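Before anything else, here is the set of structures, which you'll find just below.
Each of the next two complexes has chain A plus one more chain, namely chain B in the first and chain C in the second.
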Partner chain A sequence: MSDITIENKLTEMFDNWSKESVHLDSALTQVRKNAIKSFSDLGIPKLKSEAYKYTPVQRLINKNFDFSVSNQAAGWTKDACKEEFYQDDKANHLVFINGEYVSDYSEIRSTDDLEIKTIDDESFDQNAEIKNLMGKTRSIEKDAFAALNLAFFNNGLFIKVNKNKDAIDTFVYHFVDSESGQTINFPRILIIGEQGSRANIYEKTFSKGSQNVLALSILEASVAANAEVRFTKLQQFASNEYTIDGIYANQDKDSRFYTNTYSISGAVIRNNIHINIGGENSEAHMNGLYQIAGKSHVDNNTSVDHMVPNCYSNELYKGIMDENSRGVFNGKIYVRPDAQKTNAFQSNNNIVLSDTAIVNTKPQLEIWADDVKCSHGCTTGQLDEEAIFYLRARGIDKKSAKALMLNAFANETLEEVKNEQVKEEIEGIILNKLHY
Partner chain B sequence: MLKINNLHASIEGKDILKGINLEIKPGEVHAIMGPNGSGKSTLASVLAGREEYEVTAGSVDYIDKDLLELAPEERAREGIFLAFQYPVEIPGVSTTNFLKTAVNQVREARGLDALDAVSFLKEMKAKMKLVDIDQALLSRALNEGFSGGEKKRNEIFQMAMLEPKLSILDETDSGLDIDALRIVADGVNKLKSDSNATIVVTHYQRLLDYIVPDFVHVLYKGKIVKSGTKELALELEEKGYDWIKEELATA
Partner chain C sequence: MSKDDHILEEFTSKEYEHGWYVDFEADEAPKGINEEIIRFISAKKEEPEWLLEWRLKAFRRWTEMTEPDWSNVNYPAIDYQDIKYYSAPKQKEKPKSLDEIDPELLKTFERLGISLNEQKRLTGVAVDAVIDSVSVATTFKETLSELGIIFCSFSEAVQDHPELVKKYLGSVVPANDNYFSALNSAVFSDGSFCYIPKGVRCPMELSTYFRINAANTGQFERTLIVADEGSYVSYLEGCTAPMRDENQLHAAVVEIHAAKDAEVKYSTVQNWYPGNKEGKGGIYNFVTKRAICAGENSKVSWTQVETGSAVTWKYPSCILKGDNSQGEFYSVAVTNNHQQADTGTKMIHIGKNTRSRIVSKGISAGKSQNSYRGQVHVMKRASNARNFSQCDSLLMGDKCGAHTFPYIDVENNSAQVEHEATTSKIGEDQIFYCQQRGIDEESAVALIVNGFAKEVMNKLPMEFAVEAQKLLALTLEGSVG
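Here is the complex of A and B:
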């Protein structure tokens, strides 16, 4: 480990970049400069940090990344990317390569339902919505990695769902290539669901290359009155990939926001989800599954902030941990004094399949209103031996019996995934992984 | 078809079965009665292959096979069926989905082709009629939230689907209402043939009016202490177990 801190290395990287930049005086460059300043003020969370108690990010980054960053992705040609698209010619297929949105590789089928744009100096300058919303979602300012992303992201993705439109499905593919060297990626998405609109976004990653990859992704969502945004993410990474992912959402009244997160593999995955329910009669749903083995480490840190009365939030995370994997869940429900008649539910259930797998689960309820219904429950256990015997006594072999039960356990988290292709794919992945 | 010879079994170091001898031939119905805790369910579990029980002595031959060598699923595929005294609730797994897996794994082991969705459904419909079980129940998670009687009915439905050679019904009558008892017993009788056999564990003579046994055995403290014909059940109904205990004490 060198004495130069990661913060210094990154600040230096930024300084070099900003000197070279041809957009020295762009409005976005100014935003980036502020962001790198916040990043160095915030710093990478230290070992003592409560929020990163089980995921020592500083050490992980120091140990695995030397910041000799290469961002070449020769392996992903336009055709190679297209090969991986879902079979759906009525959907948008949007491509990120090593963290940058590439409109040229993308297929946009939307006409009047969705507006899709690259976030760069030019659009930032011209588009008031991007300017007003990007990097401004409540609570994002406390996240050092979000600040880092804002400083470094290149070609972000802006999606606007137009008023009262029921948009076609949008698939976002992240193609990662670390063949030519270590890679640090900063994918960034800003989505606006205008009043009365509905959107379904699906995200998935494909990786090539054997060098270490660090992905620091940010998604911000602004969900207007009576709008609905559903967001599904499949995290199936290679064992050389480290991911710190942030989802931040602001919800207006009568809105609905869904996140579905499936963490299947990778070296380390840390998911931060923060939802601000700022308008009455709104709903937030967070579902997730971490089904991991090997040495994978998945840390889900979610929080929902009930700022106003009469809202509902529901969270269901499930974990299946095998071999030497570790699952961490921390779910915070925050109910402000004014947020009467809040209904907030949370549950986290874990099944541990080996003696060496670890689960750390912690609900965090901070409730300042008195007329609320909140509940949480966490369970951690093994598969029920009685149940396995019952199934075997009907002629089902031990492996299938376990798979049946685990599959049923896991599938409950899939209820809010609306696209059948995606749902089937995830079901297939779950089932496949059960053949241990 | 089944020959139990001096069977001893224990759990957590505690001896429960202390030398069971029993022979069952194809076509026969044997009733096993006995006071609570005498080891009836233990015997049923050991026959079905529950691994928590340790067989400390004795042997069980089942159609030319050493039954104790087989895994629970192998026994099921060879035709052993245990209707559980306490059927287990399995969250999230629908009865239909579970049974399809079971039926097809059993069929495969018996050298039959897997049933496709249509023929499986047809088979299900036929067997549902047999025990008068509701479709809605079967699309729910297996036994989850089922009433006591519904669980028992579901056991017999599964038995009908799996077409066993040796069925062990462990207190299937408990929890059934009067009509259900008759329906379930009728179902069992319809499934009976010259080539399969049934062991009925019960506390009540009433069931044996419907499923008429060829032999009645009394299990007491881990041993079969008395065997007879169906008249023995009537006698037990009338007199309880004390006279048998006394007989044993004076013997």
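Here is the complex of A and C:
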């Protein structure tokens, strides 16, 4: 092992980039410089770091990436991308290639209820909303990966849902190509749900190439009063893909924010979800399923910060672990001293199918107010033998009986997915994995 | 109404009833910790060479360690050089019976409500009384020794049963296990030792009573319980300390070894001085308690009622090594005023068909913070392991906090692990229901709290249950407004 640390390699990469950049003195470059500074102060979380206790990110990155990064994505032509779109000509289809938003490849159908822009030096300078809200949901002084993304992202995506508009569905596709070498991607999305608006956003990834891929993605959402944002993410990666994903939301009063995360495959998936509920009468919902096999490692780290009274949060995560996989769940409910009348619920259920799979879970409550109702429940176990027996007594073979039960177990997490096409697709994937 | 007010008045002014201290002539070591002090303690105890070596090794290891800071409690840094590591009431010779003990000492225990004489006659509980650093009296020794049970102070055990001590000391909590256990291993002064031979069912409850008396001292005692094959023992531990403005450190180690088919029940009512209403003074209770179910079908059960201490930081744990072994943890932790508690348990399932059960009830009032932190770890070969955990928190007042940090690690697919936790305050409808039936608010709260904690209280031996219930009421008096 060389003694050059990942931190050094990355800062060096940044220095080289900033030298050759044409926008040497742009406002965004300044923001990036601050970010890389916080990153080098923080460093990649060590094994001792409580938040990354079960996911040794430093070792993973060191072992699998040499930072001779290529971001060429010749494999994804406009037509090739288009092939993969959902069949929906009333929706927006937005394309990211190796972590960069490509407006040319995207199909934007609605300009009335949605405003879609590329985040670059120019738009950062001119658009006050991007300038004021980007990077504000998560402190870069606390989160090394948020800082890293802010420093390196190129052509981010900005979506604004206009006031009182019920926007059409928006699909975001990530196309990844690692044919010509290892790639590190930094996709970044900023969503603003204006007052009284509604948005449904779906995210999905396609990959080509056999070299290792590291995706450090960030989604920020700013949900205004009485607005609703629903966000669904399908994580079906190849076994050479490593993902550290962050979803950060700030909610204003009377707002609703939903996340649905389906982690199906990939080498390592780490999901960080952090929601700040900053306005009264708001709701936050987090649903997730990790149904993994092989050597996949999925780590879901979620936290809800109840800053004000009279809010509601609900979290449901389910895991099915097979073969040598490992599922990690850490959910935190934080209720501040003044956040009275908070209702917060959390539930995590795991089924372990093989002898070699591992589950680590830590549902955590930190409550500083007294007039609250908070609970969490967490189970790890197997399928109910009696239920299986019941089915088999009715002529259903063991394999199908098990699949039926697991399917029912997993499907509960799909309730908040509104788009039928997406829902069917995920259901199909779940079933397929059960070898039904 | 006036009667209620009177009772209320009495309770609220009655801060901490064990807050007095007695001036004994004490034998003390100078403040500070270094190898000299450890040699001094060891020499005082006339310890064999191997034990001194063991202490020194622990001390050297301790100097290399840093104080852990991951707990959810805040306290000013402890100056380890400002503590006296040895303090003992002066006694000329080892007393052979209670009659020879300094009457002042006996009176001390009488004031605590544990008259050693009376206890002996009436309740039939064998008591080992520890003041500051040393054990002053052990009752019922003869009766017990007829059955082959060894129940004595740790120093006596070192002299009389070195082979047992040598075999089991540090076998469950190694000297270098953590910062405080290393400190304890280096300077521990006394404690209780208990050995139950094969197939013996201990006919009475064994009890240790810990009392900190001297100022500026730390209490570092060590309890070692060994239950041999097929034996049974129920062990009680109680503690109090005087009211003083400075904080005092209590860093004890409790080790339990349960062999095949053995059962050990360990109950604690912890009532160290919690500090005054402004959070001044009080005991830091940083204790390492761990049991190993080494043999098949063995069982260890921890029951604790935590009402005292300024800061409590402890996790009585079970290592379930033997197949079919069982671990239990029942806890009520009550914090009021500025108290902080970070407590819970660890259940490490190693053997097949091992079972564990965790019931933890936290009650926070005033400006206190109460955390449950626990781990359930099912290792790869622990097939059919079963765990159920329940942590409930009750909040009284809007300045307190309740936190839960459960870690659940499962590496075996036939294991079943359940965890549930709730946090809530006493419902207005519950109070209303009681008031409607003529029960005033204060009593209603007491009633509800008692009901909340009942599941754990039921697990306490009779003698303790009464005391614990009184304590519970006392700790929470005046917290409803």
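The working rule: the second predicted complex is superposed on the first by the 431 of 436 C-alpha atoms of A that agree within 3 Å, B and C clash if a C-alpha of one lies under 4 Å from a C-alpha of the other, contacts with A are read in each partner's own complex, and residues count from 1 in each chain.
The rule is simple: contacts are C-beta pairs under 8 Å (C-beta built on N, C-alpha and C of every residue); 3 or more make two chains touch, one makes a residue touch a chain.
Computed from a prediction, not measured in an experiment: that's the story for all the values here.
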Partner chain(s) touched by A:I201 [first = chain B, second = chain C, both, neither]: neither
Touched partner set for A:G395, first chain B, second chain C, both or neither: first
First, second, both or neither for A:A387, with chain B first and chain C second: first
Partner chain in contact with A:E412 - chain B first, chain C second, else both or neither: first
Partner chain(s) touched by A:I140 [first = chain B, second = chain C, both, neither]: neither
Touching partner for A:I61 - first (chain B), second (chain C), both, neither: neither
Touching partner for A:C374 - first (chain B), second (chain C), both, neither: second
Partner contacting more residues of chain A (chain B vs chain C): C
Footprint overlap on chain A, where chain B in one structure and chain C in the other make contact: none
Parts of chain B lying in touch with chain A, wherever the complex brings them together: 48-51, 71-73, 75-77, 81-82, 84, 87-93, 97-99, 101-103, 105-106, 109, 141, 158, 162
Interfacial residue positions of chain A with respect to chain B in the complex: 384, 386-387, 389-398, 400-401, 404-405, 407-409, 411-412
Residues of chain A that touch chain C when the two form their complex: 50, 337, 340, 350, 352-355, 357-382
Contacting residues of chain C [partner chain A, same complex]: 70, 380, 393, 395-425
